[in-house]
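Next up: the structures, one after another.
There are two complexes below, and they share chain A, which is joined by chain B in the first and by chain C in the second.
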Partner chain A sequence: MNANIYRHELLARLKSVLIWSLAIAYLILFNFSMFPVFADQAAMMNEFLARYPRELRAAFGLDRMDLSTVSGFYSFIFFFVQLCLAIQASNYGFGLVSVEESELTADFLLSKPVSRSQVLTSKLLAALTSLTITNLVAWACSFTAVLLFRGARAYEPRTLLLLLGSIVIFQLFFLNVGLVISLLVKRVRSVTPYGLGLGFGAYVLNAFSGILGDVKLELITPFKHFDPTYIVQHAAYNTPLLLLNAAVTVISLAASYWLYIRRDIPAVS
Partner chain B sequence: MSIIEVSHLTKYYGKARGIVDVSFAEEEGEIFGFIGPNGAGKSTTIRLLLSLIHPTSGGAKVFGKDVLAHGPEIRRDIGYLPSEVFYYEGMKVIDLLKYSASFYAHDCTRRLHELSEIMELELHRRISDLSYGNKKKVGIVQGLLHSPKLLLLDEPTAGLDPLMQRKFFDLIRAENSRGVTVFFSSHILGEVQRLCSRVGIIREGRIAEISDIRTLQQNNYKKVGVTAAELNPAAFDLPGVTNVQTEDGTVRFFFKGDINTVLRKISGIQVMDVTIEEPTLEEIFMHYYE
Partner chain C sequence: MNIFLRELKANLKSLLIWSAIIAVLIMMAVAKFSAFAGDPETLKMLDSMPQVLLDALSMRGFNLTTLSGFYGVMFIYFGLMGAIAAAMWGSDIISKEERDKTVEFSLVLPVSRSKVITAKALAALVNSIAFVLITWAVSLVMVRSYNPDPAFHAFLGLEMRAMFAIELIFLAIGLLLGCAMKQYKRAGSTAVAIILATYFMSIMSGMQEKLDFLKYFTPFKYFDAGELFRSGTMNGTYLLISAAIIVISLAAAYWIYNKRDLYI
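What follows is the complex of A and B.
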């Protein structure tokens, strides 16, 4: 690890981290502030939702979710938190080394006395730190929201901890998969379309598998691996899917090192 | 000891040719000129030396160490100036230079300020606000601030005004006289002629010739010009004569061979003026590309 590369990377991403963290804080606090209303009108709410087509409810996991409980309502919001986290982590993954190449600063960095693996390790740790800042904001806001707005209703801290605990594994998946894809394609010209594509694509895939019922597409999307509804219902992770998720992350990480060390840095042209 | 030792280095980008079977060596303290037109493989060679790219076959050593196995260690003592410089746009010049300096173990602050003063660099401006020439100056300071033992310059003068070019050449000469080895790639022959002691000519990815800059000029063509009344260009139809041109009663041609045969021919003519000159590197160079 090189402290100077780490610091440089962290500073370069600071603004982005602040914006994502604020967006997620707003998402959690604002939406959860509506919980008392939902909970009081639970019967009406459930009746209202029942009017939506079954497929639509399935796409959001609403068919198995009770919005009148703290965990149920929180897990519904958590769905959208996951979407934001996925796009953020994918962006960082895709941009990790490709930004240096598209902005042509890779020559500067790699002609310095550092090895490729040192560069990649420093960059990964900096990105992980950035993601952890957002993660901590999500933790803080979630507990604040639940404590402020749950009123007299009980909640199971275990479920909340399980949901929040899944964030870091979830982020690592998108960071590493984004990184390995960016190294497999010849040149990433712009990070945003790729990041949105991966984050949103995985989300849509999960929604689809919800609509279509028992389709095996869900196996490849982290939105299924860490399905909030499942975690709330079982008060546990889906262990086989968790292991599958971790395996994909580890393989992507190893492949990224292998590819990056052997990579030909494209010249200015 | 050879500072750079390149042996049978070959690089293909997929099917596209980078360089083919390039071999040469540069000794300590030399200024080696590497000339060739755009796309001949000059940048490819330099990027291989920095292990920014990996060879298809063959290998290279810098400071006696393999560039792939000892990259980071070698790069500690290399200063690199690319033909086009790109830096983190949002940074200030001084922050970029400090970031650059932070990669080296010793303190580079004094040298950083010395060089910035010589190159008249405005340290507190943002990189994104700099003109091309000014970015280039940042590149020069950045490439030299850690007092490297080997300078890899890839068409370094592009974008510099003549005044800055001269300052830059003075700087390179000063570094060289401290014992710094310089590898200077260029397609502008005049500057190579001014600076370098030995040159390699690269053409379509292959080394066409490596020689001393003097021998290159001496063992080569002479430029002969003869001015005389009613001169018939056919009179110089000798073996070794090429490029015959007639203009206002002056016949000019290139000659390679025993100069006495030309002199004997000229002595038989009532001439008004005769010139025999060394060809410029430019003219020699064109010959390799014919």
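What follows is the complex of A and C.
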């Protein structure tokens, strides 16, 4: 780990981190402020739904969606927070080392007396720090929003902690998968389309499986691994999927080091 | 003409990737539909669900057991994919010259800056048209086994025109961002911000009556699948708003690009 690279990376990303953090803060606070109004409607809806057979409700995922409770409504918002976090993390992942090549600064960086693995470690730690700042903002805003707007309704701090705790694993997944893809392709010209593709792709895949029934493909998307409705319902993570997610992250990380140390980096001509 | 052809070729790979993604999406979706087709139990349950809930799932007014209803629910995803693709094409096609340090080369060619934009915009437009046509074609092929009736074909046609309109809006916005942003990196990230913000707005405006006014700010609501299904046409007001956004964005794009200082 090299302090100079770390500091430079952190500063370069500071503005982006601020913007993402603000967006997520706004998303949480603004949407949760609607909770008091929404909860009353939702309570009526639940009574109505309770009359239907369990299987039918399950087919539409309705048994898992309870917008009248604090954690139910929060999990609904959390889904959108996840989308933002996914795009942010995959942007950082895709840009982590590819940006040096596209901006023609790679040979400058690599001619420094620092090993490649040190370069990668410093960069990864800087990106992780950036993501953690956003993560902390999400924590702070979530608790503020819940305390401000929950009114007389009770909430289970444990569920909230579980949901927020999943953020860091979720971010690491997109960071590392983005990184390994950027190293697998020959050249990343522009980071945004890739980041958006990975983030939104995973989101749409999950939203799709949410509409109707089951499909095996959903198992590859982290949005399913940390499905907020599942976490709220069971007050626990889906352990096999969590392990799968962590395994993908670790493999991507290892592969990234392996690829980056051996990578042929074009010099500026 | 040379620029146009050059851009078409350069963007072909991107078009192919996007088309493959949407084709997979449609295939997955239709495979799921098979579980619901003509199932009376599902129908009974849908009929008795409260409106608020259907709104939250953006399923209002759709009968999921019919092909048309199913495609109505799918529309938001088509719109989303189209919007992302078009915004990326639009912003990238202009800003990539600065990123790849080729902008000096292309602007010393004996063509005006306006002509460069026109050629590039047309190439992006061709891509967007191709994207809609591919979505349409894949849909038609995939649903063939359900023997769709003429009403479905009409609705699918309407949806695809709406998808094209959404694409046009985001393409124009993307072009404007590519032309206006002083730093090429900002064009892409601003496009992301706009897409995310408008997408969230479209969800919020459906959930809460107080937030209904948001629907004027998000192109995803201009062409709401439920409205399309009920009325069978696109809403004139929204078409006008869309046209205004497109014209203003394009005019601003030309105006700004013609007088801007380039990032070299």
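A few notes on this one:
As a working rule, the second predicted complex is superposed on the first by the 246 of 269 C-alpha atoms of A that agree within 3 Å, B and C clash if a C-alpha of one lies under 4 Å from a C-alpha of the other, contacts with A are read in each partner's own complex, and residues count from 1 in each chain.
Please note the rule applied: a residue touches a chain if its C-beta (ideal position, glycine included) is under 8 Å from a C-beta of that chain, and two chains touch if they have at least 3 such contacts.
Every value quoted in this text rests on a predicted model; they were computed, and no experiment measured them.
Applying the stated contact rule after C-alpha superposition, one finds that A:A254 touches neither chain B nor chain C. By the touch criterion stated above, A:V114 is placed in contact with chain B alone, chain C being left untouched. By the touch criterion defined above, A:R262 reaches chain B but does not reach chain C. In the superposition on chain A, no contact is made by A:V185 with either chain B or chain C.
Taking chain A as the reference chain, the count of touched residues is higher for C when chain B and chain C are set side by side. Of the two partner chains, chain C is the only one touched by A:A23; chain B is not. Shared-chain residue A:L196: touches chain C; no touch with chain B. Within the superposed three-chain model, A:F80 lies in touch with chain C and out of touch with chain B [touch as defined at top]. No residue of chain A lies in contact with both chain B in one complex and chain C in the other.
Contact residues on chain C toward chain A in their complex (touch as defined above): 14, 21, 25, 28-29, 31-33, 35-36, 41-42, 45, 48-50, 52-53, 56-57, 64, 73, 77, 80-81, 84, 88, 92, 96, 99-100, 188-189, 191-193, 195-196, 200, 203-204, 207-208, 210-211. The touching residues of chain A, when paired with chain C in their complex, are 16, 19, 23, 27, 31, 34, 37-38, 41-42, 44-45, 48-49, 52, 56, 59-60, 62, 65, 67, 80, 83-84, 87, 91, 102, 189-193, 195-197, 200-201, 204, 207-208, 211-213, 215, 217.
Contacts from chain A toward chain B in the complex involve residues 2, 4, 8, 12, 103-108, 110-115, 118, 262, 264-265, 267-268. Across the complex, chain A is touched by residues 13, 43-44, 47, 50, 52-54, 71-76, 78, 80, 82-84, 86-90, 99-100, 102-104, 142 of chain B.
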